[in-house]
């Protein structure tokens, strides 16, 4: 089976630099795929990306150095299994709040006996190799999003679920859930504390930790703290920042 | 009929700051449409945008402050008329090399008696108002691209065609045609000279002049020389530059 | 944040005249958007509209006077949140049958502390303004569909859920559930009685009431009774009726 | 090969009642296909319909009683041949202004020895039967649009081209070309005269004549005069008229 | 209402020869539809087919002799109801493991009083006839997939649910669940035994039984045992086998 | 710039085994791309593939061993240039009948000074490398289709055009043009003679020759005669043959 770039980087103790795709388009994905990102996450939760767009984006990224990760719309069996069948080797699942949630996540994303994923890797088998059926369980990487007060309460119960590879922190939702302002970078103190706590507990349970960032300085600082997977900005945010910079320079004249 | 933003800006002696869209997608277009660009050109010639994508992009831009311009795939009547019927109020036509080319361009884009545009403004009539049939001829702005040695030879014959509103310079193609390296900004001297010449002749014929740029400093310098319409970068180039900047900052750590 | 047209009309004690979209297409939506409807509901439950079509329809309606409303496919968190993130300011949720259903509906569609909507308004933030995060909870309008005998039994428990803005009656499903023929207008007496009862209880709980109609005379009569939101016909039904009228007139000759 | 409904109707001396499709969508086409129209014309010239939409619309109409006709974007070999390969059994070609235009139209749409249509009926062979290669030349119906003063001047030269089945009149373009207001129905006297003249010359050359109409009374009057194919209204116009009628009735209250 | 081909075949004691569609495309579906298959199953679970593709495939198959069957993505009310509203007359639901699952499946797919399917057959009513509301409950065929050890344990409880028409065996998932290698044809003995057992219990409960096969010899043997519905291969597998055969013959030279 | 697989094979005196794609879909293209074909031709002339489908198919094939070739819709500058900008490294142009046709073909597909291709390799530059501008002229392979009696008459004038890489024979069209039955394999004697003649003249002018075949035995015989590029069957034909074989085996029982 095709190498999972996240597992390779992590085996080398290197963090993954992850870009984010909100534009539902194969060409913008392909452009992003050639710019040096280790991985690119296709966002099916908050982005505007549906199953049809997912397929064209996975196909476009297949020939680039950036390995696709997919954020699923929700902790539901149908989309989780279709995402994997479509060829994703890594996925991020939103709103994992309890141990049972984490167990369902593992069950939906692994074949028996580890789970109950239904068999039919229509595209995954085509692009990842003939050993997909036997290799997928150990190759696919699954992140559980920790983004609510409830998830914080159940943190050890979640992190200790066998088969879970990593947690992923959404600072905005975590902020909202803790009564703070929803931002990625300059989070309020309770959120900063929670982020540190999640990182520490993930490490204690020997799983990886990822986090969403807006700016590179924040992402670098979080890597320095021990994060294994950092997202910076997104395609839409890059378009906004780049355009505003150009327009500002032009209108200044 | 809805105001043509280019005519308004030009009546105020202001140049238009134009962005460029190569990604065939309505959402990336909509994102760009809210960032301060005066106009955004949907590129059907070199971009990956076909008629279906054009429609969704025109619809997405309709609610933003940026007025869409469309670069047609070629000097052919079918696409030129469909682009206008779909609602574009400005278009750029590539490879106008002779007076006859310019006359055909005007004929395809204006109703009788000025031209022979076929009547059926299916979306244009819907979104621009009930007076479209009578107002379109004076509202629509048409640019002829000057990008070959042959066009340079015929420059006055082209610029003097009645009904042509503006010329648009593609420095890359012009460079290739003059035996120089295809770039937007730091053009070889013969190309620089040609650009100045085209600008001067356009002004002499009392039509507007536009030009494609990569960087803001170049665009600003060209405005200072008298250009009325300057393109800077593109959605794809902004994604590339923004991503590379982030990745560089992250990999430096 | 952009005004919610329903709240404006209701603050003026005016009912909203709502059209209905079953055709999964941005252009037919845009055509409908210019004909005087106050709102147009994009039907993701029984229509043939998926997420991709939803996006193009929302974009097309953005520049028309008609505010889009979306009927969600089901009371599930993933589609409800994606619909709002895509920019809908009003949604109708089918099959709200218990107080717990209504509470989940409110929770999925409002940010903490009122609910648990996940944060990431990718398009909503772009088109509705920078204050979306703080303004959305009070701006978005949520309808619960009352369309089963069970919902009738739980009517007060549903209507009294804080954060629910309105109920919406589907006379067809309500008829089926009460053992009657599924029609919109000339409903059987038990259904007529139930409709009156729902309207009365909604008013008693100080929330709004909407209802699906086939004909204008019925819709007008229901407005006279106090309904705040009336749907009449649909794009597909208008195509059918208009075509049949023309064909009948032609074949009569 | 599958029967051509136009040839059948005409062999019975019956006119065809033709609807018009401007919405680029398979479902709206399918809805229209079940309402009694003899034929439905998919407009690739002024509509917003490209090749991808054409295919889904042809497929949707295949199971309805209405036979699809396609108006080509222009007198170009590529689209004319693709339209036929996609399965259309009738097509209308805009802007046929000279005898040479008409000869090219016949050449592009018929196999040797009658013309030079390239062989490869990918979908047409699938859906119309194994004898497509030998039967297509006599089955397909080709209309030339007569819509300019130039075409009027060349009318007999056009109508006498062997292999041309019919002319189709676009009253709007004909009006513009004759210096009159572009309308379908209540045309100015010179246009009315031209329409009668075209009909008479078509009959004299033993070919069929079709015409675009807005209202049924006009279409009926034109049938009475001898027209063999009458278009009335369009999907978009039906949506507009139907919506405005409903809104008017509702706002009157 | 349009005849259900499965019910017709079964009333004649004939098995249905079923093809399988994994390619999300209307044209490949249409090609398959003309090759003699009794039915063709559009796979929304493991295939790459979403709602948008489903619609174009259903439309394409509508004019072919092959009746479409749809495998739903999961036992969820939203997709099950949309599939039926889109016009499917038969559906296969994955992962029916308990009597309650089977009851929910029947409830979601039948109108009251048999179930709680919501009323709004937007395309189904259009293409299947005006009596859809009253005829659908007896016309639609529903298969429950038996593919886990848990389902085997609950087999009689599942098969005896009133309104369930048939079971469908997925040998791959059944194999995985029983700790065997996931294959379609040459299954391990425990799986072979389970398949025989399921067939026997289905017959005992007077419902139909279907099964997925790779090769025709296996499918024929299973028909001989009593299966009523056999799938053989898929569009993607046919492309693979056919291509490999050609390439092998060519590379041998 | 990325290697052109055709040039590599030909430099090793090996013929290319070419598959053919008529289904407008990225996933079927990707499936075909993994089966051992040297190249796969995306047919934009007779297939149902438009620009939007082309892009997704090129992206899907990018990660497979099969290099895409594109058959253009016609000898027109707009599609030829867009196909190359989209990333195709080889193209087949239909209906090249005169020396001037061949010269136009070379001009449209090569940058100055060899031709007049407009510069803007939006996707080609992204996927083929930074040296695209200077390397493309020598990397891209261009085939002219010889498929009419007129082309036979002008054969040497065509084959001697500098910059033309190869001819491609369409036996069906050639047959029609010579008054014979349109088939690929068992052509009538005049066509067989013409095919041999074209091959001989191509070799005499030191350019390559390709031909369309239905069966492998014919393709192998033509390779033995000296052909450098042989197409066998197509995706649609494989689906038809494979399905009919299965159905025949099943119905035999």
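As written, the chain order gives the labels A, B, C, D, E and F, with residue 1 at the start of each chain.
Everything that follows uses one rule, which is that a contact is a pair of C-beta atoms (placed from the backbone, for glycine too) under 8 Å apart; a residue touches a chain by one contact, two chains touch by 3 or more.
Small disclaimer: the values here were computed from a predicted structure and weren't measured.
K.L.:
Keeping to the contact definition above, tell me which chains border both chain A and chain E.
P.N.:
Output, common partners of chain A and chain E: C, F.
K.L.:
Identify, among A-F, A-E or D-E, the interface equivalent of C-E, where equivalent means over half of the contact pairs coincide by residue number.
P.N.:
It is A-E that repeats the C-E interface.
K.L.:
Using the stated contact rule, I'd like to know whether B-C or A-C comes out ahead in C-beta pair count.
P.N.:
So, comparing the two chain pairs, more contacts are at A-C.
K.L.:
For the sequence-identical pair chain D and chain E, determine the rotation angle of the Cα superposition and round it to the nearest 5 degrees.
P.N.:
180
K.L.:
What's the distance between the Cα centroids of chain C and chain D, rounded to whole Å?
P.N.:
The mean C-alpha positions of chain C and chain D differ by 39 Å.
K.L.:
List the centre-to-centre spacing of chain B and chain F in whole Å, with centres computed as mean CA coordinates.
P.N.:
34
K.L.:
Among the residues of chain B, which ones contact at least 2 other chains?
P.N.:
Counting only residues that touch two or more other chains, chain B contributes 22, 24, 27, 31, 48, 50, 52, 55, 76, 123, 126, 236.
K.L.:
With touch defined as at the top, which chains are paired up in contact here?
P.N.:
All chain pairs meeting the touch criterion are A-B, A-C, A-E, A-F, B-C, B-D, B-F, C-D, C-E, D-E, D-F, E-F.
K.L.:
Would you pull the chain D residues touching chain F in the complex into a rising list?
P.N.:
So the residues of chain D touching chain F come out as 50-52, 55, 76-78, 81-82, 85-86, 111-113, 116, 118-123, 133.
K.L.:
Which residues of chain E touch chain A in the complex?
P.N.:
On the chain E side, the touching residues are 22, 24, 43, 45-48, 50, 52-53, 73-74, 76, 79, 94-95, 147-148, 170, 172-173, 176-177, 179, 182, 236.
K.L.:
Help me check something: in the complex, which residues belonging to chain B touch chain C?
P.N.:
Of all residues in chain B, those touching chain C are 26-27, 30-31, 34, 55-56, 59-60, 62-63, 123, 126-127.
K.L.:
If we count contacts the way the header does, which residues on chain D are in touch with chain C in the complex?
P.N.:
17, 19, 22-25, 27-28, 31-32, 35-37, 48, 216, 219-220, 223-224, 230, 232-233, 235-236, 238-244, 246-251, 253
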